[in-house]
Structure formats: structure tokens, C-alpha cells
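Shared chain: chain A. Partners: chain B in the first complex, chain C in the second.
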Partner chain A sequence: MSNAAPVSRRRAIALAGVGVAGVAGVAGGAGALIQGAADHASANPGAAAGAVPFHGAHQAGITTPAQDRLHFVAFDVITKDRARLVAMLQEWTAAAARMTAGHDAGVFGAVGGVPEAPPDDTGEALGLPPSQLTLTVGFGPTLFRDAQGRDRFGIADRRPPALADLPHFAGDALRPELSGGDICVQACANDPQVAVHAIRNLARIGMGVVSVRWSQLGFGRTSSTSREQATPRNLFGFKDGTANLKAEDADLLRDQLWAQPGDGPDWMTGGSYLVTRKIRMQIETWDRSSLAEQEQIVGRAKGSGAPLGRRQEFDEPDFAAPDADGQPVIPETAHVRLAHPSRNNGAHLLRRGYNFVDGSDGLGRLDAGLFFIAYQRDPRRQFVPIQTQLSRHDAMNEYLRHVSSALFACPPGVRDAGDHWGRALFG
Partner chain B sequence: MSNAAPVSRRRAIALAGVGVAGVAGVAGGAGALIQGAADHASANPGAAAGAVPFHGAHQAGITTPAQDRLHFVAFDVITKDRARLVAMLQEWTAAAARMTAGHDAGVFGAVGGVPEAPPDDTGEALGLPPSQLTLTVGFGPTLFRDAQGRDRFGIADRRPPALADLPHFAGDALRPELSGGDICVQACANDPQVAVHAIRNLARIGMGVVSVRWSQLGFGRTSSTSREQATPRNLFGFKDGTANLKAEDADLLRDQLWAQPGDGPDWMTGGSYLVTRKIRMQIETWDRSSLAEQEQIVGRAKGSGAPLGRRQEFDEPDFAAPDADGQPVIPETAHVRLAHPSRNNGAHLLRRGYNFVDGSDGLGRLDAGLFFIAYQRDPRRQFVPIQTQLSRHDAMNEYLRHVSSALFACPPGVRDAGDHWGRALFG
Partner chain C sequence: MRTTRSVLLAAAGVLAVAGVTACGADGDKDAAAGAVTVKATDTTCEVGTTELAAGQITFSVRNSGSKVNEFYVYAAGDRVMGEVENIAPGLTRELRVELPAGAYETACKPGMSGRGIRGALKVTGESAPKAVDATLAEATAGYQRYVTSQTAELLTRTGEFVTAVKAGDVARAKALYPVTRTYWERIEPVAESFGDLDPKIDGREEVVEEGMEFTGFHRIEKDLWTTGDISKDGPIADQLLTDVKAIVAKANAEKLTPLQLANGAKALLDEVASGKITGEEERYSHTDLWDFNANLEGSKAAIAALRPALEQRAPELVTQLDAEFANVEQVLGRHRAGDGWKLHTALSTAELKELSDSVNALAEPVSRVAAAVAR
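Moving on, here comes the complex of A and B:
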């Protein structure tokens, strides 16, 4: 494997194509190709088109500055054969290392191999740069024991205590077919075609071993995971993730994000726990509410993102400040208050959710909202208490419906070419 | 209206925010904002972030070089009041002119107006550049007469003969709730958040007059509409749209794209007819087929996109060339042969479709495919005969299912600030 190659194989093939056309002197065709290459380059310049290292102490795609696009998939494992499952995880790891570096999924390339066999890459990302693709794997509770309590693959005793089933929260309207899953893969990239290509090729490689349970496309990251990124806006039109845990917060990452030695089984040390929630927003109702009401619900100004009563987005909220009537400027039921670490025993989350629009709902409304993604050291002390409080008191609930929920243990990073996804878990 | 302003209002607000933070000396916050702005600028530099003129002889979004992202919506008109419908179209036009120039949908801006009223912009595109947003409107057959044959708005006699209901095609598996519609709006942009924002605000403005019937997000344009663009790949992994009608083909655009004087009612002269088809691809089955079979089905090489038997993508296919066994190199059932103008009385289409992934289908498969969009002068002589032939003979049909179909008459462009969508139709 040569992930460090400065020009990706995919790109090299595309450039070679231009060269051939040019030599052949097909003026129109060559011109179009060359212009097109430039066109693509300018749409994805520099860092946004580059590669994120795959190997490391932690998995990429967690503290990596949040890319613009998401394709998330949850798989059911449909084999009972542990060896086949492990072999697939090995094959996936090799493909993931190749694809995140901008190469094809398979060793022959999109159009390589023999004509009589299916191609070992599906081809739709041919010529596209790596686009900061990251692939992050996680293992769900049902991989350890099925609904009947059976130890499916001999790893039931390795289930981390922190991977405890989430409780029911007030107002949950979960659809089982969109929830849970044995294995998840989060693909983030700055080009959706690259993210979709990666998931699709993993599904192709996993044929007969795993089956797609549910999948979700997202656009427009709704959080920053680095101070180098501007705070984006969610579909309520508000800045989201101002107070998010960020890559630069070294002490908080240790205390709040990464599983530490002694937290649970060794195979998870350096990993993180992932909660996903698909949250449908009632945007038509929201759009009929007044600006003042929206700001009272969120607890921030819509334009600047500043906490109510303060001036700047990154000012600390003053939860004690009264208004002219002696009421708190930031209402007791405001989202920013209820979610704040000071109200949750100091609990933080590293969020990297995405907006979604899944067409319409058959009732004249857009099926839109937030695909919430949060990483943390222990959901029992972070997501669960925070969501318990929000689900009971958050004024925003009137406009939200949680339709999907899932929980995964994301192991530490793949160390090198000899390591693979699940090696410590199954080893 | 000042669409020609070099810096958009949205952008001006965002930049103002940076300035204020900088002056206030909130080092962390200001740094984050400034970095963020640069981050956004580099992800959407130059032309890709700029504005496409809204006013003109033809609507933008047809020959405009295909942007990277789509949000398409079909509305049902739910009022019986013609005056309300026309008033909404006027309001839509003003909002479309503003949004395509990178401004907010409403005159007060995202956070303007009075606190007691809902904001006149939903806010999620605040700070984002125009991103080459185009908004293209079309009118469906049911706007002229409903299913019971009633003249709903006194325009039944203005229905163009070319807006004839599409016939049933072999293999159609259309879902009525995803098909048809009284009015469509195609939003294309290089940022999905900008496209979604535009559709969402038009739906908000139209509340009580129209209701969302269906909507579709797309990524990864599957055709080029200009020789300046590289040919992209669809989810079969093949280059798509090599032989597409392009903006530079002036004579063909006149003959094949734009309704000409005498073609039908005057209000459509300079307009074009739009056919959309949501085509689900059986990608898991496709991925198990051999490279040779895939290339025989398409009639092109997967890598280069060259017609079988030729060298370069833009080489003309040689449909007469035999292989070593005396059979045609390009099979009789190959897609490229059946769709070629030479097999369809010279008929061309201007396609600007998009790839889609709508999650999964509950059967372990990705719900993915092509949202086909084609503009033309007269579907009776273009899309209908081509699709009739394809639906009967195309070897690709084994891997396709058409689940949605719609037809719209897209009028000529809005001439100036005194003109509006539907003015000639309802005038």
C-alpha cells in the first residue's frame, strides 16, 4: 500500500486520459477534458480536496475538521460465521485505506482485472480527488448479543459497559427499521460522490456478510470540530455547535471524548462512543413562529449567534441575568441553557451532525431536519443525562421529532497496514 | 432590486460580523470567524460561488453550466383563487431574483422586520455566497385542467399541444405520489444548503396557495451542459452525457431546445419543455455483473468513455463496425445506440440530471439512482419516441426502474423587474 503517494491513482488515471486525448489531437474532446479537469480542481482546491491520513492512534472522522458532506450507513451482519466477518473487516480496512487516499477500492482499479469478472471498484469516483474522505467504523450492541441474548460471535464478554442500550426518552418516535445496527460506517467528505462511492463499495465488498439496514445522506455540517472552522447554521436558521468540543481542546478531549485505560475493555482504549439521532424538524411550523419566539427557544440571537443578553457568538451565556421584568434573559426552557455543561455535571459532546432533506412526507411538507452525530467517552454520563433533560424541558421539542436512534462503540485507530478494523475486538 | 451589486447582502452581513468581532477584540471568536470565512471562500472559490443572472430571454438553469447540486420540488396548487396564485407567483419571482443574487428571500433580511413577526427569510443561507443558484419554474398539465377536466384557473385554452400527457412506457413502475405536479421549481447550486434554502423559502412564501407534492435532492450532476465541463459519471460508474446537447450548439439549441414562434401558444415562445424521471438503479445487481457485460450494455468503455471500437470519449460511435465474429461491436441493444439521434429522427435532449441516494429500501439495498432531467422543444418528437425505443429494447432496463415521472412547460425568462413568473400565461 502506498497511501503517501502525492498524486492519487484515481487522479493519475484521469490525468493520463487527458494526455492521451491531447496527443491524439482530438481538439474538441481534449479541450473539454482539460477544461473539465480545471473546473473540478477549482471547485475543490487545496486542502478540501486533499487526503486525511487513515492510520493513527484515533480514527479519523471524529476530531477531523468536519467535512461538508455525509453518507452514514448501519449494517446488519447476516452471516453466523465469525471468520467470514473478520475477513470482511480486513478487506474493508484495506479498501478504506485505499479510498481515503484517493485510490480505487480494489487493487485492480475501476476498470482493471479481467473482463469476465465484476470490476473491483464501481467507478463513479474515478478522476475525483480524495476530498478529505474519512471512514469511521463502529460496533453496535447487537453485534455482541442479539435480541434473544445469544452471543453471536463469541465477543459478548467484551461488550463495554459504556455501550449500554439507550433508555427511552420522552417524546421519542423511533422507527426500528431506521434505528440500531450491528456495524456502522460514517463516511465524511467534501464531495458527496466520494462519500457515496466509499459506502457503496464497502457494501459491495460485504455482500453475503452484511446487509444495509439504513443509510443517511447529509449536507451542510451543523457543527465545527475545529476553531479553524466558522460555525455553520442548521435548518432552523441558527448557528449550531458554537460551544462544541473542538480538536484544539486537548484536556477536554481526554476527559470527554476518548475512552481511557480502565474505562472498560482494552480494545476500546483510545476509541469513542457514537450516538446518532435522526431528528425531523417541523420546519413549516417553525417558519410561522416569530423571530422573538425562535430566539427565546434557542437562547441565542438568530443573526449573530450571541447568547441572549450578550454581544458576540463566543461570549459565555449569562444564565443568571434578569430582563426588565426580572425574568431570566435566557429562559429556563431555552435549548442553550439545558444543553450547557454547567447544567449537566460538566458533560460535553463532540457533535458533527449534518442537515438532511429526504424529499417530502406526503403531507405537503419537506422531510427535513438534523442528523445528529455525537462522540463521547461514556454516553451514560454524557448523552443520556443531557438528552433526558432536553427531552423533558426543552422548548424546542415542539418542533422536533426523534425518528431514529443508534449507538456504536468506535474503536481506536488502525495503527498500520498490519492492523485492521476489529482486530483487538476479535483477536 | 440591485442584483448587480458586486457583494451580496448575505455576504456583507457575514463580513460585517467578522469586523465587529475583530474590533471587540474577542481573539478566539474573531479568529474562528475569519478562518471560517476563508474556509468557505476556498471551498467555493471564484465562479462556483458567484451569481448567475436571473433576468434574460431564457430561464437560467437550462443551458447554465450544470451546477453540482439539485433540489427539485413539485407543488400542488391548493387554492382555487386565481388572483392569489398570481400574487404568489409575483412574490416568488421577487424572492427568486433576490436569492439567486445571494440576498435573503425577503426585503427585511434573515433577522430583520419586527420581533413579533416570523422572519421573512429562514436564515440557513446567511453568510453563504450565491453559489451559482438558479431557479427554474415550470407549469404541469394539471394546472390547466384537473383530473376531472375542469378549467381550474381559466387557462385551459392556453395549454400547449406539446404539453401532452406522457404515454405509459414498457416497464414503468410509477408512484403517483412522486409523479406529476401543478408547478415545479428546479433549484441548482454549487452548495446544497443554498439550493435547499431557496426551495424552502418558496414553500414558505406559498403557504396556503401551494403544498409540496414531492421533492428530490440530487448530487453529482450526471451531464455536462457546456463544453467547458468534464463529463461526470453516474452511479453505474460510466461517463454520462458525452453526447448531450450543450450551450455552445447554437443551431441545435434553436431546433431542439427552445420553443419557436408558431410552435404553440405565444407565452411559451423561448421556453422549453421539461421531463423528469426518477430512475432507481439496481446497483447491487449491477455491481455483480462483469465489466464486459457492463460495457456491452452501455456501448462505451467504462474507463475512457469511448464508444466500443473507438479510442476517445468524443469519437463518434461506429454502429456498423463488426467484431471478429461479424456481430456489431456496439450491440443492437446497447444504450448508446438506441438513444443516439441517428436512431431517433435526429432528436436530441438537453439533459441535466443528478445522482441520488435516498437512504435504503428496507431490503438491504441502497435506494439510489439517477434523477433524470431533460429539456426539449417538443416531448412528442423527442423524449417520447426516444423513451419508447429505450423502454422496449435497452439492455440496461434489467437494472433500472422508473418510479417517478413528470412533465412541465417552462416559460421563457423573466425579462426585467416588471415581469414575473406566469405573467404571459395569466396575463
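Moving on, here comes the complex of A and C:
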């Protein structure tokens, strides 16, 4: 793509009225295809509407300050043809580079092609800015070997040891059709239409090669991944992600987030492992529990977010402090205690989950909760021990139900226009 | 069953464009005067300009990489306008191609595989004059013969079905029903272009408007499979035969364009995706897979008629179409039952999803056929 200056969505709109009817037959809308005039006016990374660079050492969408909206999708690979899969990943990468820059998915775009052909972009993002769209890809355990143990694409020996199937956790109520997947794409953006547009176009490009297994929309971030961001609230009404790994924690990111040389196969060095859990919240019963009970369950004050017994949100929790009765101020079963690195061999997670509401269930209850997303260097040392603790002891479990679970290896970033998703894995 | 009449595009004319390749003597030779330079490596493809005037254009492609390379110019739908293959490392080769005004893509293919490294190319100015393409004329003539053969059989079978209904022979009418509909479903987009007759023959109960009677195949289907009482269906059966006769006469007289063939092939797959996989079409008889197969056969027949033209204009698309047609046939083939097909209700959700995936995989390349034959 080094020579391509794809039509920007904004340009296409601006030019749509210019009129190209005089160009007989051959290319009705070709006048809208402007070369060398890419619109970077909105490419201010600080602005909510701007573009996040697609190329780099790590994939965007991990330490990128968490955007407000999510469309996450897990695909099954339905072809047996390795070359087709690799060609699709190449095509996806080119489309992802264009869309994250605020351009149409294809070179011709939503309105720049010939009238007889279906447009190579679906068009619903025309006129919208990049909105900090990031597209992050990951590869699931079943891409390497299927349920029968077959080496599907000749890459079974490249499966990282850290991509070990998650164990069953106490209380798991997983629905197989909402869990797992061979490939995932996480689309985050500050405009929901931009995120949905990206996933829709990738799914379309992938037809015949991949099939959507499940997908999830998220409407509000529940974590901060940067100290610049205020801590948001989850649907329990509590600040979530106060103690999250953040982009500024360089040493911790190296130790806890990015796969390092020697950790596993070289193709994952600089990558990260992703665990997703769709966690349904029992909203109605939570809402009629007392404020005191809610705060005891979480271990933080609902208003300030401060650990119980402390004053400020970012104060370190004091797990030893007793209350007037000599009991710990932060109960043994409090979420903040069980999830804390000090209780998990120093293990951290970079969380960037989203609230979801999938309408209501048949009983009139809100079908809502948290779509948990966590990145880490090695789930065997991070997510698995933490979730084992939580699933056994967390007082919050009474109000939670884990209905979906997935694990993916997210490779390092796409270096340049000649690189593509999966290149090192399939190379 | 279709809801809107297809928009028929007027431009049926065709441009004959020949891509000619020429080989530079060696890597040291200067690029031809006025040529567009292309610097190809294993990871990049730098085309000297992304905007050109229409006419004869020469690309001078230098391979500085370590892999054997190729260079393509594509029009929409991956139609090959010109290509130069087998550019060894260090070599420069030329591609001469006639490009009318329009939007194109360039591609280097290091290692000669995959989609290659793509870039946009805009060609401005006057279009070259249109020429008639004999292969496309043959395509429409060939498909017309197919339509005639199917309508003849549709007429015969409808007559037998109507006779069985009027004789009150429920078992025979049920057996004839999916077979008769096969000949309708194969050429459905042609028949459906006659908007007034289509709902009378093939309308489902929910599309019947106020003041209009629910008639045709699906009315008799409902009676056959719900109450089994067809004693009052004689007039409906007679009207069905009258309407089928009328539509057959119209279909046989219709002069089709290559674009209509291409759009019809796509429309048939849309029928499968929206009506048959969901089980909406044959909600009483559940014989949707019969229709599915007939739609697929009809789509394939239209594409087959266009094949010689497509082989010239979009050879990679032909390869893809062949593979995807074969795939759908294989997946659907698992649901054969005797001489016919399993009922829709006998398939699991997973089996229906697999069918849906295979139809989507086929419909994407089929949707690109129109652009390839339109010029």
C-alpha cells in the first residue's frame, strides 16, 4: 500500500456532489477517487475523533487509551486452504490500515466504484472521522489444532505454551456457541458506528474463509488504560479499573503485558494474550442490596472509589486494617482483595472491558453486564490464578454469571505496509 | 419471492481491451520514455503515479526484491486489465495496457501468490469507443435457450400438478409440488421481472395485500400440508395454470442482457440466503432444500453462459466461482434424501449455518460478475 492514498470518507462526501456524469459508462463515480489527497486533518491522536496509528511494534487497541465503544467478534475459520486464509489476513490488514485512518475499507470505496459492482465499502461510516478506531487481531487455540487434535494449517508446532486452554472455573455457565473462536478482532472506537462498520466490512471480506461465531457490542468502557483518563463505572455503579495496568507503567508493561523473547515462539514476541469473558450481572438483585453490602463486596467506597478505610481512589488498599470489631475493614471475600496483585504473586492484568446491555431477557430482566477483556504476558501466571481465587471466594459471584469465555494470542504489531496480520505465524 | 423489480442498467456495450506485455532486455535498460515506473520489492510496490490520462499506458516494472514478482492492473471486481508475470529479481519488464477512464487497482505479487500489494490508480479523460463482444452475445443467446427449456418443463409440470389438485389426489399433488417448483425456482429472477404475475403465482401469505386473494403455489401448499383439504382449490389451480402460461410466454419473449444474467445469478443466491435457509419459503411443506438446489442450479447456469467472457475478463474470478459452486454443492449434497431433499425441519442449526456460510462464500464472487461483464 506504499503508493496508495485511499479516498478518505470525508473527501468522498465532499466530492459526491461534484458530478461525474460526463464520464461515460466506464466509471460513474471515479471522480470521487482522489489520489494523493488523503485527509489527515483529523489525525490528531489526542482528539477523540482522530486516528490512532495502525503500524507499530505492538498492536494498537491494547495500551491505547480505552475508547468508549466496542464491537468484538470471534470467527471460525471455515476453509481448509492455508493460502486462502493467509490471503484473507493480507486483505484484512490492508482494509484495517485504511479504516483506522478514517478511509473506506476498499480502494474504490463506498461510492467510488462502478455502478454495476457492489461497493467495496458498506458506506455507513461515510462522513465520520477515524474516531480513534483500533483493530486488534488474535489467534485462538483451535486455529492450531481442532477439537479432534488435527493440525489444521501446519502451525500446530507454533502454538505458544501460554495459549493453554483455560480450565473450568467454579460457577462457570459457559455457552459453547458464545465461547472460543479461531480468530478474533477487537474493534474499539469513540463512535459505535465506526466500530460496527469495521467489523462488518472485515466479516464481509472474510466470507468463505471465516464465519462469525459470536460477536459482542459494548457501549461504555469499564477501565482506564492511561493515567490521562478518569476511571469509569461498571453497571454495578462502581469505579472499575482503578488499579489497572496503564500505558505509563513501562516496567510493568514489560513484565506483565508483552510476551518477551524466550517466552514462547518468536512470532509472539511483542504480542500479548487476550482473555475475554462475558459476565452477566444479576442487575435487579444487586440493585436491592444495601449500599453497605455492595461496598463490602467490592471493597471500595461506591462514591469515591477509595479502598475501604482509605480516603482517595488511588490510595493503596490496607488489607491488614481492622474495623471496630477487629475484623478486616476490607473483608476476606472482597473483590478488590482477591484480585489484588499482592494476593496473586504480583500478577497484573491490563483490563479494557466494556459494559453491555443486550436488551432484556424473557423475564423482563436487563440482559446486561460486563464484557471483560484482559491482556497479559502469560494467562497461566495471570488470569488463571486470579480467576481461580475469584471463582472460589469472591462475594460478588452471587451477582455474576460467566456465560462466555475465549482466549487468543495477539501477535505483535504490523510493522509497515509490506507486513500483515499473521505473517510471522504463517511465514 | 422478490419484493422489488431489479434495476436494469442500460450499458450493455463492451470494451475490448488487450493487455500486452513486453520484456525489457535486462535490468540495466532505461525505462521506456513516458513509462510509469513501478519499483517492486518483496514488501513494497511503489507506482510512479496514481493518476493518469486514459489511453495506451506503459508500466516499467523493476523487481528489486529477492522473490519472483508479478504486476497487475485490475478494474473493479478484480477484472484483469493487464498483467506481466515472472519478473525475476533484478529484472525490469514492461506492461502495455489500454486503460479507459475509470478507477483501477495496481498490484505487485512478490512470490507470485496472494492478493498482492495493492494500490489505487485513477485514469481520467475520454473513454475509448465501445465495441461489441461476441462472447457476450453468445452468452445471452445460450441463457435464452436455458430459459426456454425450463419454461417448457414448468408448463408441463404445472399442468400435472393442477390435474392432481383438481382430482383431489393429495398424495400425488404433494409429491409433484416440489418437483414443479424446481423449474420455477431455477429461472425465478426472469419470471419475477413480471411484477403483476409473480405474486399471484408465488406470493406468500404475508405479501398478499388488502383486497387481493391469496392464490398460487403457496396457497395450495398451505391447504395440502395443513388441512389436507383441497376440495375447493379447483379454481385456484386453474388460475395458477393460466398465470404460469402467461408468464412463460413473457419469459420466452424477454431479451436479456449480460448484465441481467449476472444480476440474476446473484439474485438467485439472495433468494437462497433470505428465503430458503430460513425456511420461510416453504413454511408448510418444508421442501425449501428443493428450491435451494434449483436456485443454485439456475445461478450456475447463468454464470456458465457468461463463462467464456469471464475467462477473458476475470480469470481469477472464474477459478473462485468454480471452487465456491463446488463447495455449496458438496455441503448441500449431504442433505439429499432419495431423489429429493431432506425437509428443512430435519436440519440442525449448525447444518443450516454451514449452508449459510457456503452460500455467502459463493455470493460474494458472484456479486462481482456484473462489473466484469458490464464493460
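FYI, the second predicted complex is superposed on the first by the 382 of 427 C-alpha atoms of A that agree within 3 Å, B and C clash if a C-alpha of one lies under 4 Å from a C-alpha of the other, contacts with A are read in each partner's own complex, and residues count from 1 in each chain.
Throughout what follows, a residue touches a chain if its C-beta (ideal position, glycine included) is under 8 Å from a C-beta of that chain, and two chains touch if they have at least 3 such contacts.
Keep in mind the model is a prediction, meaning the values are calculated, not measured.
Engineer: State whether A:M207 touches chain B only (first), chain C only (second), both chains, or neither.
Structural biologist: both
Engineer: Does chain B (first) or chain C (second) touch A:N345, or do both, or does neither?
Structural biologist: neither
Engineer: Figure out whether A:R227 sits in contact with chain B (first) or chain C (second), or with both, or with neither.
Structural biologist: After superposing on A, A:R227 lies in contact with chain B but is clear of chain C.
Engineer: Once the structures are superposed on A, label A:V107 by its partner contacts, choosing first (chain B), second (chain C), both or neither.
Structural biologist: A:V107 sits against chain C, while chain B stays out of touch.
Engineer: Chain B or chain C: which reaches more residues on chain A?
Structural biologist: B
Engineer: Determine, under the contact definition given at the top, whether A:A417 touches first (chain B), second (chain C), both, or neither.
Structural biologist: After superposition on chain A, A:A417 lies in contact with chain C alone.
Engineer: Counting only touches as set out at the top, which of chain B and chain C does A:A117 meet: first, second, both, neither?
Structural biologist: both
Engineer: Which partner does A:Q90 reach: the first (chain B), the second (chain C), both, or neither?
Structural biologist: Second partner only, chain C.
Engineer: Which chain A residues are contacted by chain C in one complex and by chain B in the other?
Structural biologist: 24, 26, 29, 33, 35-36, 78, 113-118, 204, 207, 211
Engineer: Going by the contact rule at the top, pick out the chain B residues touching chain A in the complex.
Structural biologist: Touch residues, chain B against chain A: 13, 17, 20-21, 24, 26, 28-29, 31-33, 35-37, 39-40, 42-48, 68-69, 71, 73, 76, 78, 110-111, 113-119, 121-127, 177, 190-193, 196, 199-200, 203-204, 207, 211-217, 219-220, 224, 227-231, 233-238, 283-284, 287-292, 294-295, 301-304, 311-315, 355, 357-360, 362, 364-366, 368.
Engineer: Quick check on the complex: what are the chain A residues that touch chain C?
Structural biologist: Those in contact with chain C are residues 1-7, 23-27, 29-30, 33-36, 78, 83, 86-87, 90-91, 94, 107-108, 112-118, 120, 204, 207-209, 211, 416-419.
Engineer: Which of the residues in chain C come into contact with chain A in the complex?
Structural biologist: So the residues of chain C in touch with chain A come to 9, 11, 13, 15, 41-47, 50-51, 75-77, 100-103, 105-106, 113-115, 117-124, 127, 130, 259, 262, 324, 327, 353-354, 357-358, 360-364, 367-368, 370-371, 374-375.
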